[in-house]
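Worksheet for the structure shown next.
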Amino acid sequence: MSGYGEAILVMLAINIVVALAGYLPLAAGQLNLGIAGFMAVGGYTSAYLTSAYHLPMGVGMAAGAAAAGLLGLLVAVPVLRTSGIYLALATFALGQVIQAAFLNIEAVGAAAGYPVKPYAGFTVVLSVAFGVLVAVLLLSRTRFALLLTATKNDPLVTELFGVDVRAIRVAAFSLGALIAGIGGALYAHHYSYLEPQNFNIMLSVYIALYVLLGGTQTVAGPIVGAAFFTLLPELLRAGSHWRFVIFAVLIILVMAVRPEGLITGALARRLRFGKRREAAS
Amino acid sequence: MSGAVFAQQLVNGIMLGGIYMLIAVAFTLAIGVLNFLNFSIPGIFMVGAIATWRALENGWPWVGAIAAGLLAAGVASYLVERFTYRWMRGLDHEIPLVSSLGFLILFENLVLIGYGSDQQTFPALMPDFNIRVAGLVIGTGQLISLVLALVLVIAASGLLERTRIGRGIRAVAENADTATILGVEIHRVVPALFILIGLLSGVSGILFAMNYLQVSAFMGHEIGLKGIAAMVIGGMGNIWGAILGGLLIGLIEVLSIAFFGANRADICVYGALLLLLVVRPEGLLGGSAIVREKL
Amino acid sequence: MKRLGTVSAIALLGALAFAPAVQAASELVIGYSMAKTGPYVSLANSNEIAADMAVDEINAKGGVNGRKIKLTKFDTGGNPKDASAAVRRFAVDDKALAIVGPFSSSECRVAFPDGERMGIVQMSMASSAPGLTADMSYAFRNTVDEGKVISDVMETFARKKIPSARAAIAYGTDDAVSKAIGTGVLPKVFEQYKSQVVSTVDFSVKAFDLSPQASQLVQAKPEVIGFGAPPEMAIKLATELQRQGLKARMIAGTTVADPDLPKRMAPAGEGFTIGTTFFRDLNPATKAFSAEFEKRAKAAGLPRTEPSQMDAATYDIVLMYADALAKTKATGDDANLAKERTAIRDHLAKLKNHPMLEGPISFGANRDSIKPIYILEAKQAAWTLIDTHEPK
Amino acid sequence: MLEVENLTVRYGRITALAELDLAVPEGRIVTVLGANGAGKSSLLKALIGLTPIAGGAIRWKGEAIHRRPASERVKAGLALVPEGRRILVSMTVEDNLKVGAYHRDDPAQVAREIDAIYQRFPNLAERRFQKASCLSGGEQQMLAVGRALVSGSSLMMLDEPSLGLSPIIIARLFELLVELNKGGLALLLVEQNTNMALSVAHEGHVLKLGRKIAHGTPQQLLADARLQEAYLGG
């Protein structure tokens, strides 16, 4: 494969991981605008443990994921008292606070950034991303996924069925944070350098866009969304500096034509049904 | 810190708050009435300022240039309504958000292509645009923004409270279906509101350019984020809250810079926002907002 | 079936788009990592003109080793991830011998380790964050140490007896270079020149309101303010200081070396003094370069037509590469690529007082360049040369 | 005055109303009866313009109005008192009434009519500057009717006005409706409270699962087995 192709696939893999991190809470109706913050926690934790204590990269990544997940759990409890747009804004504030905090932590270089020693190459990044994808796919076939949708569509009725809606929400939010931590760790070890400025609000917003543009109803949605945002600017390279203008117009048009996202549940069912039909014939 | 410096810092904070107010009001109108976190507002803010700057560069008189800036901002906001809100009314509140971000990217990149990423110098209205009282320096431009923000908000509040279109807007804010059966023309009220939001953002952008003598493609980012914080702190949907929130954010920012350094300012500002959202999500003046139930 | 067709069409499209660029074997390829989109577009757009100028000049004289030079370009948008993709593309797909760029320090931090793993030289024209090339061997920067530059500014002040007993420091906290200047470089330089630091203020490089910082500076009444941040912030601070009524001379290193700066900050910037590595009216060569650059920039419709320090550095990087290709007799053949790339590195690392547009250039132990520093003062909306420090 | 021909309303694949014919002559009270899901609310929403129609025609004073937006239909003289009242609780009582007169251009006349409503409902007058959320259910219904009145309508459509009200309040409400009708206002009354509705109406239609199954005077309908069937679902 070409060097450029590899580089793009790595970007895509990391973007799919963080898109899945945004997808889980969104499937339960929570817009997390602080995913970049959780990525930063995962990335910095793994980078620090592997660089300062020479732990193996796998251990560092696991610790990064755990740290991000734990922070998610800690903030989910108070933050999930709010809902809808309030939650989106609370997570936005949280992401800003985390970014500002890393600007002040001298142990990881503060504004100067932090070099990351162990290197995660093409194979490592793609394997880990694939693992995350499979895990989320398996999760989506369990009762949990059903509860996420139910929680999103009608929390009151879901509660009446004896489901602890709050626990479902907290779980979705924390799991998303954990996956964001994995994404951040992959970023850290592949790109070998962390700066707080990398984890800004626009990154969080773009991740939310991956999911919303792709569709929040199936796991395929965030994947397609991440691919759209990763590959389209590359395909538009010929357009030189007009490429982001074309890109923006495409976002607006896609949302106008398919406001529920590119991949809706109905479309996914039709595709799956079609596949079965093909297999049968 | 001496008393004189502290007094100057208070003035600085209030003046900065004056800049945040108008943009916070624009956000609060979009959220309060339409339940729409309109991310294109920082872009419209920038469009208003850039258009004014271009007109001035082309030798237009001040009044004409400002009119051009306001027109550009109004048109930009109308476009956002036409291609985001109108097509997606009644869907999840995240969806127009995505398209409004598309517009932010669009506006910024168009300006980037046209005029580059450099900050451009905005001509000064007069050589020393300041008032000096008892050792305090007060920016006239900022003072005008502050007063204008208050006047515009009183006007907007009056418009909402006392006029027919204002009642229509409030009716739509509470329940679009009910407003429809009462004969409110949603297809007119909503675009009108968007144009109002665009004009407020545009005024804010132009005042910003006059005060800080600069325009650039990304000028709306920082102020947009602070504007959102100000809106939430005051209470979403409450225009008086936006005023209070703008002032508070301005003061928190300036005082935290003065006491703890610029590195800590964002922690203070957004930490306050986070704390408020956890403790009192409806905001400081949330009780009397345009509408509460549906958020 | 139909779906299969669609899927394969998309796959084909993707394969086409991401396929390596095919090159003619007769050319020597140099990669150019540039930022045509994103936050650095204005500064980096003009670099491209300088790079093209250098390539055109070399090829007009018959190229190198009997072959033409070919510059393959990749737009990073100022984004570290794209700078990393650029290195891979140049090294693997384009079989480039060396890489011009990347532009910013953030990009270098990610792209340099990649270049190290792939064994290909990169040379940045703008990155000046300290310590970026430590632990590397293929990473070069045609930029100078900010500590040296600012110390030269103070040396000039001492020579010319410009008052600088009371000093203040103003710097950006959320940018690596700015913070290093504010917390590392400036305190040391002021101590060395016996200036008392009476106030230190910091700000975010994204800030637009510097009134709280200016109020603190006004209170401290310094004679000279050491400044570490991008040029935009210099304009903001100078304007705000003038508004609050402080007259003090600001000094800075290469981070603010924008040819248009005095014009953009006028009249607030009067007396602003910087050290830089390029001055357009220095000699016939720089004047000729500037004239040709201006012509091309106008033709390209760029807003700024006067070459900056980064433009001159880019031009010199291409010329240094051409020289290295000639001296190492590079062929660009696949079989010898790795060896030739390393030979280029070894040649460049040994460069001493090599005559270039910017003046004689050498590379130090950490492969950052050592070259003359020109001290410029803003007078009546233009830079004037007040002193030159040749490398020792 | 109002003529409905072949009206069909669909939500996706579900047909809520099929080929309905109906007329409300000037000054008359017409009631539409039926169980839950019979299509009564869909009919009113289609008439006011809240739900698009899938077929048929709606004529108002001889003119086809089914392609016009709701705001124009209100302006032309149609008013709807929706199910559940739909009072704007974030606004004051007075503002609710003023929104009712949204499209009217004669503020002085509107002010007089609002005063008349206050005289009729002293409870509302007492709370004119308070938020409508502080009103009781009965007061809210009066406000909803008042709001429809100030729109200057000549046909008032009411969707289940008696729902959730005490018998005393219901009785007062129907007294009021009869009085308004005597003043010349035509009414289209959708009710589950069959007896109450038929006691005031001039004629009635019975719907079942979106189709009309009976039509006649109250006396005819009360004697008609199909009315029982509509509710018992037999």
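Each chain gets a letter, A, B, C and D, in the order it is written, and its residues are counted from 1.
Following the convention adopted for this analysis, a residue touches a chain if its C-beta (ideal position, glycine included) is under 8 Å from a C-beta of that chain, and two chains touch if they have at least 3 such contacts.
Since the model is a prediction, treat every value here as computed from it, not as a measurement.
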item	value
Intersection of the contact lists for chain B and chain C	A
Two chains joined by the most C-beta pairs in contact, as defined above	A-B
By mean Cα position, the chain sitting nearest the middle	B
Relative to chain A, chain with the most remote C-alpha centre	D
Chain B and chain D, separation of their C-alpha mean positions in angstrom	42
For chain A paired with chain D, centre-to-centre distance based on mean C-alpha positions, whole Å	50
Separation of mean Cα positions, chain B and chain A [Å, integer]	30
Centroid distance [mean C-alpha coordinates] between chain D and chain C, Å	74
Two or more partner chains touched - positions in chain C	37, 41, 173-174
Junction residues of chain D, two or more chains touched	none
Residue numbers of chain A (touch at least two other chains)	103, 110-111, 241, 244
Category of the chain touch graph - line, ring, star, complete, other	other
Pairs of chains satisfying the touch condition	A-B, A-C, B-C, B-D
Residue ranges of chain C in contact with chain A within the complex	1, 3, 13-14, 17-20, 36-37, 41, 75, 80-81, 84-85, 88-89, 91-93, 106, 109-110, 113-114, 117, 129, 173-176, 178-180
Residue ranges of chain A touching chain C (in the complex, touch as defined)	2-8, 11, 103, 110-113, 115, 119, 191-193, 195-198, 231, 234-235, 237, 240-241, 243-244, 271, 274, 278
Contact footprint of chain D on chain B as seen in their complex	164, 167-168, 170-171, 173-175, 177-187, 290-293
Complex interface listing, chain D residues touching chain B	48-50, 69-71, 73-75, 80, 82, 86, 88-91, 95, 98-100, 102-103, 147, 151
Complex interface listing, chain A residues touching chain B	26, 31, 78-79, 81-82, 84-86, 88-90, 92-94, 96-97, 99-101, 103-104, 110-111, 201, 205, 208-209, 212-213, 241-242, 244-245, 247-249, 251-252, 255-256, 259-260
